[in-house]
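As structure tokens, here come the structures.
Two complexes come next, and they have one chain in common, chain A, joined by chain B in the first and chain C in the second.
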Partner chain A sequence: MIDEELVQLLTPEGERVDHPDYASTLSGEQILSMYRDMVIVRRLCTESTSLQRQGQLALWAPIEGQEGAQIGAGRALAPMDFTFPSYREHGIAWCRGIPPAELLKLFRAVSNGGWDPLKYRHHLPTIVLGNQVLNAVGYAMGIQRDGADEAVLTFFGDGASSQGDVLESFVWASSFNAPVVFFCQNNQFGISTPSSTQSKVPLFRRARGFGFPGVRVDGNDLLACYEVTRAALDNARAGGGPTMIEAFTYRMGAHTTSDDPTRYRVDAEVEVWKHRDPIERIKALLVREYRVKPSAFEDIAAEADRQALQLREDVLAMGRPDPLSMFDHVYADDHPLIDEGRREMAALGLGGSH
Partner chain B sequence: MSREVFLLPDVGEGLIEADIVAWKVAVGDVVSLNQPLVDVETAKAVVELPSPFAGTVVELHGQVGDTMAVDTPLITFEVGEPAPHAQVKQVVHDVPDEQRREPVLIGYGVADEAAHSGRRARRGARVETPAPAAPAEAGASQGPVRTTPPVRLLAKSYGVDLRQVVATGRDGLVTREDVERARAVPATGSVSRVVATGPTTSSRFAGREIDAWSTGAREERFAVKGVLKSMAEAMVQSVTQQPQAVVWLRVDATRTTELLAGLKKQPRLSDVRLSPLTIVALALCDAARHYPGINSSFDAESGEVVLRRYVNLGIAADTPRGLIVPNIKDADRLDVVGMAEALTSLVEKARDATTAPADMAGTTLTITNVGPFGVDAAVAILPPGTGAILCVGQIAPAPWVVDGQLAVREVVELAMTFDHRQIDGALASKAIAHIGRFLADPAAALLAQ
Partner chain C sequence: MATTTMTMAKALNEGLRRAMEKDPKVLLMGEDIGKLGGVFRITDGLQKDFGQDRVVDTPLAESAIVGTAVGLAIRGYRPVCEMQFDGFVFPAFDQIVSQVAKLHKRSEGIYNMAMVIRLPFQGGIGAIEHHSESPEAYFAHTPGLRVVSCATPNDAFWMIQQAIDSDDPIIFCEPKSRYWEKGEVDLDGPPRGLCEAELRREGSDVTVVGYGSSVKTILRAAEAAEAEGVSLEVIDLRGISPVDYPVVVASVLKTGRLIAVQEAPRSASVSSEIVAEVTQRCFYSMRAPGVRVAGYHVPYPPARIEEDYRPSVDRILDAVDQVMGYGQ
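After this line comes the complex of A and B, so read on.
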């Protein structure tokens, strides 16, 4: 992973390194707070996987290994910035203040979305690959026309980067100099297809061809992810146009709970990436540089366990929605076909009463 | 203390079963929440199932290698206190049992097994599987019937009233099988029209005697073997490996019928069966002599076409055992009498079930005669390994133009199916036209041989 073009501020061993363009601005307190975020998000993820294995969720997309990229990027956001996630941005949702159980409604199939995107400045998870990137650019163009001092941060993976939607988004964002930051978490696999199969050049270099800068950052380096994202968002808000960030990371778990990664990748590779864990290197930094005591880490772990138990209880307590509610938010206004569908379903007696 | 049952969940978006790969706990083990219990292999992956309860393992419901259906019991636990799992479910689903069992689509999460186990816990009794809704409940329910859109469509297409269907799916879900069952056994009083009883005589099908419509079982299954199996295999081989095309021709066969009438008066021919088939067989052999290409086969394995200058003429025979195709070896060497005798012998053997396997091997060309059934024409399927099959319809009076005048003539329809890998439409057309000319003027054709 030694790569001259890779922005790294903290080595896997937790030692700081200098970079000509970026320097860490975070205080010890901020880093500890972000460490807490990463630990909780990982713990909530393992609980969600367990809930799926126990038949309580229809599906789950684990984020283990990508906490550094997500908490780094998520904490770099300004409150009024808007985020457009794919379906794996649980760390971003956490940073935006969305209650974890809200996030799981979709995965329990009791909601088509959940929260009010405007309230949390976080769009609903998009399962259709890359579609959210188009939405993000459209929203960013709206910000320009409103003259607002905001930026958009949108997320997609290395697999989705092959989608036409994403590439069209690049064209529009570039042509209109839209205030959007494209955050690509290259976790090495589009389900089972290696990233190297999908792109003959490192993904961040594609940006140059579209006319805006691309940066490759160590996606398991929280400090670097934070600084690179913050700089890109600042640049977008200041009228500097789009940036693409390729957070070079690794999906430690399965694509989703329906996937078995042992069928397409070797253990040795996973072992290598275990030593690049985003949480462990921050922990090493906190111990060495900030003298954080073991009890502090134990407290955080205990808090994460409490959060996980709370999540479990919240999920098990979820009721079933009125089936007719599925028609409610398909379109903002009435739509004859949707109305027809609702009427047909109501006629079958499949809803409308509690 | 109470019992909790962990039902095998669907861990992969629509799976119906999983195999047990390895147990990680044994009866008597005390396990904690989320402790790994078992590895199961689904169609998609090997996954580890973590425990939804903290408690003691009382029973493992399967052994390594067993295939378990989704939603059937996997492990029974004894838990000291109601697990958070069950506790929560009790709060949410604390509704009277009567209401609970109504097959409605409201008020349940995906955790149906939790709801069931919660009920078991309160009753202190063990129920192995979710009890299907009783028929009375399903039938009398005023609420909507729980089922899926494809099953709803199926019921609609059958005219089955879903409210009358006995539901066996979980939580009173009406399954596809339920609808099929309901269709097979119409509910009392739901049949508004009584269909007239069918014939009471038995008939034959696929080489066996079958009961009459009104006296036989509603549905019957029998093994594919013997002649039926041969036919099935030959047809599958033919349609999957031989690209086939067909040419048609209507022929004025009046002179053929006249010739046959004349021949039948000959004392020498009194013992042999003379029929239009005799002349058609001679015509086909003559066509092969003129257009040998139709008497060929395509050997895909060796990448060769096999052209034969002899005709083993197969005759599709309807026998008590089913359809068989015995052949007349070197049929191209036979004259009218020889052909008539050979056909007679072939038919007798087939009827008496004395056709030897060798009699059915090595066919090069085939005739299938649907005329005796009063049928005009059919598109035949090639016997595997042959180049062409000629289908002959009935010879019947029909309007025909003779010398510009409308006349009533004895007309027959011919259709020849051929293997289009080595035989093209031009060759097939020339061959069938040759047969047509033969039947239009058989005496001249026979003299020319």
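After this line comes the complex of A and C, so read on.
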């Protein structure tokens, strides 16, 4: 299952391994901080699933199992880099500083966006698979024209890798040498469809055919995901063009809360991946190499619980939007049909003092 | 008033040049628009003067032209995308409808999707399949987009600049059969707002509205009708979405009769919408039901028979007879 070309710096047992091209540069303090991120993001995810089950969210797309890939990639970003997510990049949103409650506006169905994308330099979630990857390449072309020392990191999955928009993005980025890094989380399933249906060759090898490097990294290895992403972003900022990273991981939960993974995968496979958990292996490293005490882990768990509680409170406080708000920001300039719609709705007595 | 005579193609070229000179954030993207100057030569000479970073010869993928324009717009650029032909816009349809039309709303006004998608549309040039289509209704139906069409060189010159200036995404429909027809261009100032309709000919019996290449056909029909003693009022809509209803409604309140002309198939179309809206607003002033003169519900036919498909002077005159004879 694990390819010999897989970049790995930490085994599932939490033991360091050498790699000819990548070395871990993270201090114990940084690793502990990233461990904290992973634990909090997982805890927020669990809370979100509960909120959905309790009828407080319309839907939730769990992240369990992919925290290493996302916190590794997310923490590799420079502040001015821009990220273009799909809809499961909760770990990236966390790294960009987006308050978790803003992330959940979409899933509570009170907004079709949720945050200020320019403030956090994190684009809004994209649900039409692959659209955001082209948008990311365009943004990177803008960086080139501005001569800015910035790069773009964009996310998609093994399912979306079959989309024309993703493949067109590869052509474009290669032709224009755009400063973009394609981060494909191969979590083995597009809802129920296995990644083998999307591609007969390992996904990272597609990059070579488009004229730029592809790297497969152990997506459950935080250290490797960080270093591979950092190197690719540095290369992009230095004018080296695009890189595709395939983070080989596993979606431990369902595609979304509307899904039933027991219909399409076997428990034995899930068990195998449980032993590759991204959080446990970092914990093992922190204990063995940095002598981090149990109390430190307990503190982090307690902080994660506090964050989850806060998220719950924030979500429950999100009321129904003013119906008249649907007419806001459809156009930048005045539009007669917007005025007409607003008048019609107001005449029905709907909406507040908008 | 400084006026000069030029073709619509040249007027578009000059309008693009002015917009690029005025704002360094304006850039053009499309297939073969650089060295070649575009298959219709609309961008002729612009790459030479503004460089490859601002007049971008793209790889051949329409979804990517629009999809990357979205990213450039987020970055603060004002991309002008050329779709080489109307029939090739459909690969980009997803990006236009899913992202371009929605991102201003989804970002609560933070992103401006300030881009123009230029679409050579309608038929009449004897082309092969997929080169003569009228897809404007798909876009007119989509909230978040504006759809406009120019019918004269003067409008081409000014409307393209106004479209580029607009903070909203504009689907800019260019009647390709009129590219090589000359007209006066007033270089001093635009005649009116981007989506405002223009009265091309005053009349008293029937209001006939249309856009793009149909405007000239309607004007020819008006001359023929005048010879038969019927006075047509001709309105060039310019704005397809939104339609400038105050102008259309004022005319129909005067004439009591409406004909809406378009090349696109009739069903669920722009002309259908106009007839419905005007009927609702002018019902008690109307002396006849509104009539649509449109393409038939068939795929655009082979060019040898396209003139039997496109609205002609004769078909418009038949419609005039129909509305004039109603109830008699």
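In this section, the second predicted complex is superposed on the first by the 325 of 354 C-alpha atoms of A that agree within 3 Å, B and C clash if a C-alpha of one lies under 4 Å from a C-alpha of the other, contacts with A are read in each partner's own complex, and residues count from 1 in each chain.
As a working rule, a residue touches a chain if its C-beta (ideal position, glycine included) is under 8 Å from a C-beta of that chain, and two chains touch if they have at least 3 such contacts.
In this text, all values refer to a predicted model and were calculated from it rather than measured experimentally.
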Touching partner for A:Arg53 - first (chain B), second (chain C), both, neither: first
First (chain B), second (chain C), both or neither touched by A:Ala317: first
Contacts of A:Gly349 with chain B and chain C, given as first, second, both or neither: first
Which of chain B and chain C A:Gly164 touches, first, second, both or neither: second
Chain B/chain C common contact set on chain A: none
In the complex, chain A residues that touch chain B: 47, 50, 52-59, 108-110, 254, 257-260, 262-263, 309, 312-313, 316-320, 322-323, 348-351, 353-354
Of chain A, residues touching chain C in the complex: 84, 111-113, 116-118, 123-124, 126, 128, 131, 133-146, 164-165, 168-169, 171-172, 175, 328-333, 335-337
Parts of chain C lying in touch with chain A, wherever the complex brings them together: 27, 53, 58-59, 61, 63-64, 67-77, 79, 91, 94-95, 98-99, 102-112, 114, 143-144, 146, 166-168, 242, 245
Touching residues on chain B, where the partner in the complex is chain A: 6-7, 9-13, 34, 44-52, 84-85, 88-89, 91-92, 105-111, 113-114, 143-145, 152
